[in-house]
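You will see two complexes here that share subunit A, one where it goes with subunit B and one where it goes with subunit C.
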Partner chain A sequence: MKKLTLFLMGLALCMQAFAIMPGDDGDRLLGVWEPSNGRARVKVEKIGSKYYGKIVWLKEPNDPKSGLPKTDMNNPDANLRNVPLKGYRMLKDFVYQENNQWSEGTIYDPLNGSTYSCTIKMTDPNTLDIRGYIGVSAFGRTDVWKRLAVKK
Partner chain B sequence: MNLRKITFGALWGLLMLLMNGCQPEAKTHTGTMECAFEWSGPLYEGSNTAQALIKVDLASLLGNPVQEGMKITKVQLKSAELSVDSASDLNGIGSLVLSIASDDPSLTIKELAVLNPVTSSSGQAILKPSSEAEVSDFFAQKAFYLIVDAGLSADRDQNLRLTGKFQWEIQYR
Partner chain C sequence: MNNPFKPCWKTILLILGCWAIAFVSQAQNTDSTKQESSSDEDFSMYDNVGFADEGARRYCSPKIEGLSPAKLISVGYDFQAGYGLGVDTFTNYTNTWEPDSARVLNSRGLRLGFNIPVISRTNLVWQMGANYWEQRYFMEDPDGSELKTAHPLLQTLSENGLRTLGVSTTVFKPLDDKRFLLFQGSADLNGDFSPLGLMPLKYLKYSAALVYGLRPNEKKQWGLGLARTYRVGELNYIPVFLFNWTDPANKWGTEILFPARAHVRYTINPRNMLFGGFELEGQSYRLWNTNGTPVKFRDEDLEIRRGEIRLRALYEFSLKDFVWLSVQAGYRINYRYEVDRLVDGQEIYRAFGLLSDAPYVMENRLGNPLYFQISLNLVSP
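Up next is the complex of A and B:
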C-alpha cells in the first residue's frame, strides 16, 4: 500500500512538472536535441508561429574528400548546394496541434537529399518520437531524440 | 466515329485558343525591397538567425496601383545583397543564407540565396539566388518572413545589423 501511494505521488509530480512548462504550449519543443545515432545536434527555433530545427553540431563536420565544411551537396537546386550543412534546417514548418504533438512538417535527410513528411510527439519533456514517412504515417520509421540540456 | 472525334478535337482546340486569347497579356516587372536584419549580442559560433516580417505591398513593388482582377503568376528572386555600415562588421561571418517562410500551414520554408564563404572587403555581400525557387504564393499572403542565417566562425560580443536589398522578378496578368 505504501509503495502504491509513493508511486501515485511520483506520477502526480511528473504530470505536474509536464503541465507547468512555461510559455506557449508548442514552445516546449524549443531547445537542442540529439537523434539516436548521435551524429548531429538539432536546435529547434520558432519563426512566426511555426517550428524549425537546424543542425548546430555535426560529429563529422568536414567532407572527408575535400576537408572543407560539409554543404548541402544533394540539394536538387544546383545554386543552393553551397548552403552549409551546419546551420541547415532539417526540420521544417511544424505546427503545434495538441497533446504534445507537432505536425504538418517535414524532415530532410542530408545524406541522400530526400524530404519526408514528419510528425513529432513529445513523450516526456526530454524525449521526442520523430516519425518520418512517405504518404501514410503507418509506413514510416520512428527515431527517438533526446534533449541535450535535460529539463528536471 | 472518327469524324466526330476530329470535330470534337477541333472545337476543343478552338475553345482553348479563344480562352487564351481572352486572357490579358502577361507582364514582367522587377521590384526592389529593402529591410533590416538585427542580431543582439552576444552571438555564438555557428548559425545565428534573424527574421524580418515583410508586409506585402504589391503597389509599391510594381510601382503602380494594383488593378482589380490582377493576378500574380510568378515571382522569383533575381538578386540579393546584404550590407553593413562598417566593412569590418562582415569579419567573422563565414556564410549567409536567405530563406522565406510564412505562417500559412500550406506554405513551406524555402531557401532563396546563399553566399559561402563570405569574401567581401567592401561591406557588401552579394548572395547567389536559387534558380528554381518560385514564391508567388508568399506574395499572395498579407505578410511573410525573410530569414537570414549568418554563420559565425567565432563567438561575437557585439550586435550585428545587416541591410538587405532584394530584387524580385514579378510576372502578372
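Up next is the complex of A and C:
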C-alpha cells in the first residue's frame, strides 16, 4: 500500500507539473521583442499559464527634464506615476489560443497612459502583429514587433 | 481485523495535500497584476541585442511623440453666427435676376467622420475614411422680415443648404527609418443636394496630396509635396509643407500641413490639449437641386467656389478613456464664394490668375462671423 501511495503522489505532482511546464506552442512568444518605433524592448515571460511582457530597455531611459530614470508619469492612477518604466508590464494576461495567436490580454501605452484590448499574432518566428483595439478589433491599430537576439 | 479502508483514507489525504500544495504554488505564480520592482534587476543585458532575423529593417513610424490622437469616429456640429450675404446678378439662358442680399441668422450643420485602418504594417499603413458635412442657411431679409427673395442662389441656399459626402484614403509608406512618402486622396460629392437625392457620381471632385518627408527623430517630422485641392474653392495645384514637432518636455508642439492647416499645440497632459491656429476649408459645390427655386440648376453647370479661413482655438480632451471631446471657437473669414459655369463639366484652372482670367458668373459677398464647433470622437490607439 505504501508503494501505491507513493505512486499516486508522484502521479499527482507530475500532472500538476505538466500544467505549468514550459514547452507548449504558446511559449514561442517568450523572448525579447522590439516595437516598430524602436523606442523600447519588451521581454515576454510566462507566469502560470499566461504571458506577460515587461519593458527592459528604453531608447531614452531618462526624463529629459529631471535627468532621472523615466517613470510611468502618464498613468491615470496617480499612485502608479512613480513606478519606473523599466520593468513595467505593458503586456498582460495573454492566453495562447491556436494558430499562433494569443488573446484575452491588454497592452498599455505609457505615452498616453491608455490600456487597450490586444491580440497577438505570430506571422513568422521572429515577427509579431500586435493589435491594440477599442471594443472591437476594427477600431484598432496593428504594430509589428521584431524578435531580438544577443548580438554575435 | 484491520480496517481495509484505513490506508486508502491516508492515501487520499496525501494526494489531496499534494494537489493543494501544487495549486497554491501555481496560484501564487499567476498573481501577476502587480508591477515588478526594477531596482533588483540588471537590464544592461538588453543593451547588446539586435534583430534575430538579420534581414529585418527598421522603418519610421507615421506618428511622432506628442501628436494629438487620430480620430476613428467623429460626430460634430458646426455653428456660424449671423452675417450678411449679398449675391450678384444671375443670368441664365432665359432670365436675369438682379443682385440681392439677405441676413444669415446662422448657418449650421452636422459633421460626421469615419476612419478605419485597413493595413497597419511596419512598411505600409493604409487608412480609409468617409465623411458627411452639411451647412444649412437660416436667412431673413435685411430688414428683419421673412425672406422673400426671388434670386435663385439665395433660394436654393435657404431651401437646401450645401452638403459634402465623400470618401478618403491615406497611405503612409516609409522608405527606411528616416524617410517616408505620404499620400492623401479624396473623392467628394459637393452640392445643394438633399441627403436622399444624391447627385450623379460624375460630379465627384478629386483631391490629392503627395508628400516626401523626413523623420529625423521621435519628435519631429517634416516634408514637402504637391496637392491638387479645392480648399480655396476652385481647383488648384499648390505646394504643401508638413511640419509636426514636439519640444523635449512634451509641452509645446506644432501640427502643420500648410496651407490646409497650421496649429501650435500646448499639451496640459496627454489627455488634455490646447491648440491655436487656422484651417483652410472649401470645396466646389455643384448647384443641382430644383427644390425651392424655379431655375432648373442641373442644366446650368453652376458651381459655388467656396473657400474660407478659420482662425481658431481648440481644446481637445479625453472625456473617458478613448472618447474625446473637441471644442473649437474662432473667426470665419470668407476667402471666396463666387460661382463658376463649368460648360460641359469642363473644369476651369486659373492658377490664381496666372493661367486664366476667366470671369466668374457671380461674384458674391459674405460677412465674417464668429463660429463654434463641437465634436465627440473615438480616438485611435
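To be clear about the criterion, the second predicted complex is superposed on the first by the 127 of 152 C-alpha atoms of A that agree within 3 Å, B and C clash if a C-alpha of one lies under 4 Å from a C-alpha of the other, contacts with A are read in each partner's own complex, and residues count from 1 in each chain.
As a convention for this text, a residue touches a chain if its C-beta (ideal position, glycine included) is under 8 Å from a C-beta of that chain, and two chains touch if they have at least 3 such contacts.
Predicted model, so just to flag it, every value in this text is computed and none were measured.
Chemist: Is A:Thr71 touching the first partner subunit B, the second partner subunit C, both, or neither of them?
Modeler: So A:Thr71 only meets subunit B here.
Chemist: In the overlaid three-chain picture, which partner chain does A:Thr127 touch, first (subunit B) or second (subunit C), both, or neither?
Modeler: The answer is second: A:Thr127 touches subunit C but not subunit B.
Chemist: Taking the superposition on A as described, I'd like to know which of subunit B and subunit C A:Arg147 touches: first, second, both or neither.
Modeler: Only subunit C; A:Arg147 stays clear of subunit B.
Chemist: Applying the document's definition of touch, where does A:Asn79 land relative to subunit B and subunit C: first, second, both, or neither?
Modeler: Once the two structures are laid over each other on A, A:Asn79 reaches subunit B alone.
Chemist: More residues of subunit A are touched by which partner: subunit B or subunit C?
Modeler: C
Chemist: In the superposed arrangement, does A:Gly113 touch subunit B (first), subunit C (second), both or neither?
Modeler: Only subunit C; A:Gly113 stays clear of subunit B.
Chemist: First (subunit B), second (subunit C), both or neither: which does A:Gln97 touch?
Modeler: Neither partner.
Chemist: Does the superposition put A:Ser137 against subunit B (first), subunit C (second), both, or neither?
Modeler: neither
Chemist: List the residues of subunit A that touch subunit B in one complex and subunit C in the other.
Modeler: Residues 47-50, 52, 54, 56-57, 76, 80, 83-84, 86-87, 89, 92-93, which sit in both footprints.
Chemist: How about subunit A: which of its residues touch subunit C in the complex?
Modeler: 1, 4-5, 8-9, 12-13, 16-17, 19-20, 31-32, 34, 36-39, 41, 43, 47-50, 52, 54, 56-57, 59-60, 64-65, 74, 76, 80, 83-84, 86-89, 92-93, 109, 111-114, 116, 124-127, 131-134, 138-144, 146-151
Chemist: Would you tell me which residues of subunit A are touching subunit B in their complex?
Modeler: It is residues 45, 47-50, 52, 54, 56-57, 71, 75-80, 82-84, 86-87, 89, 92-93, 95, 104, 106 of subunit A that touch subunit B.
Chemist: What residues on subunit B touch subunit A, complex-wise?
Modeler: Those in contact with subunit A are residues 46-47, 49, 51, 53, 94-95, 97, 99, 101-103, 105, 107-109, 111, 114, 116, 128-133, 145, 147, 149, 151.
Chemist: Would you pull the subunit C residues touching subunit A in the complex into a rising list?
Modeler: 7, 10-11, 14-15, 18-19, 22-23, 26, 29-30, 32-33, 35-39, 41, 43, 46-53, 56, 58-59, 61, 65, 69, 72-73, 116-117, 120-122, 177, 218, 248-249, 269-271, 321-322, 378, 380-381
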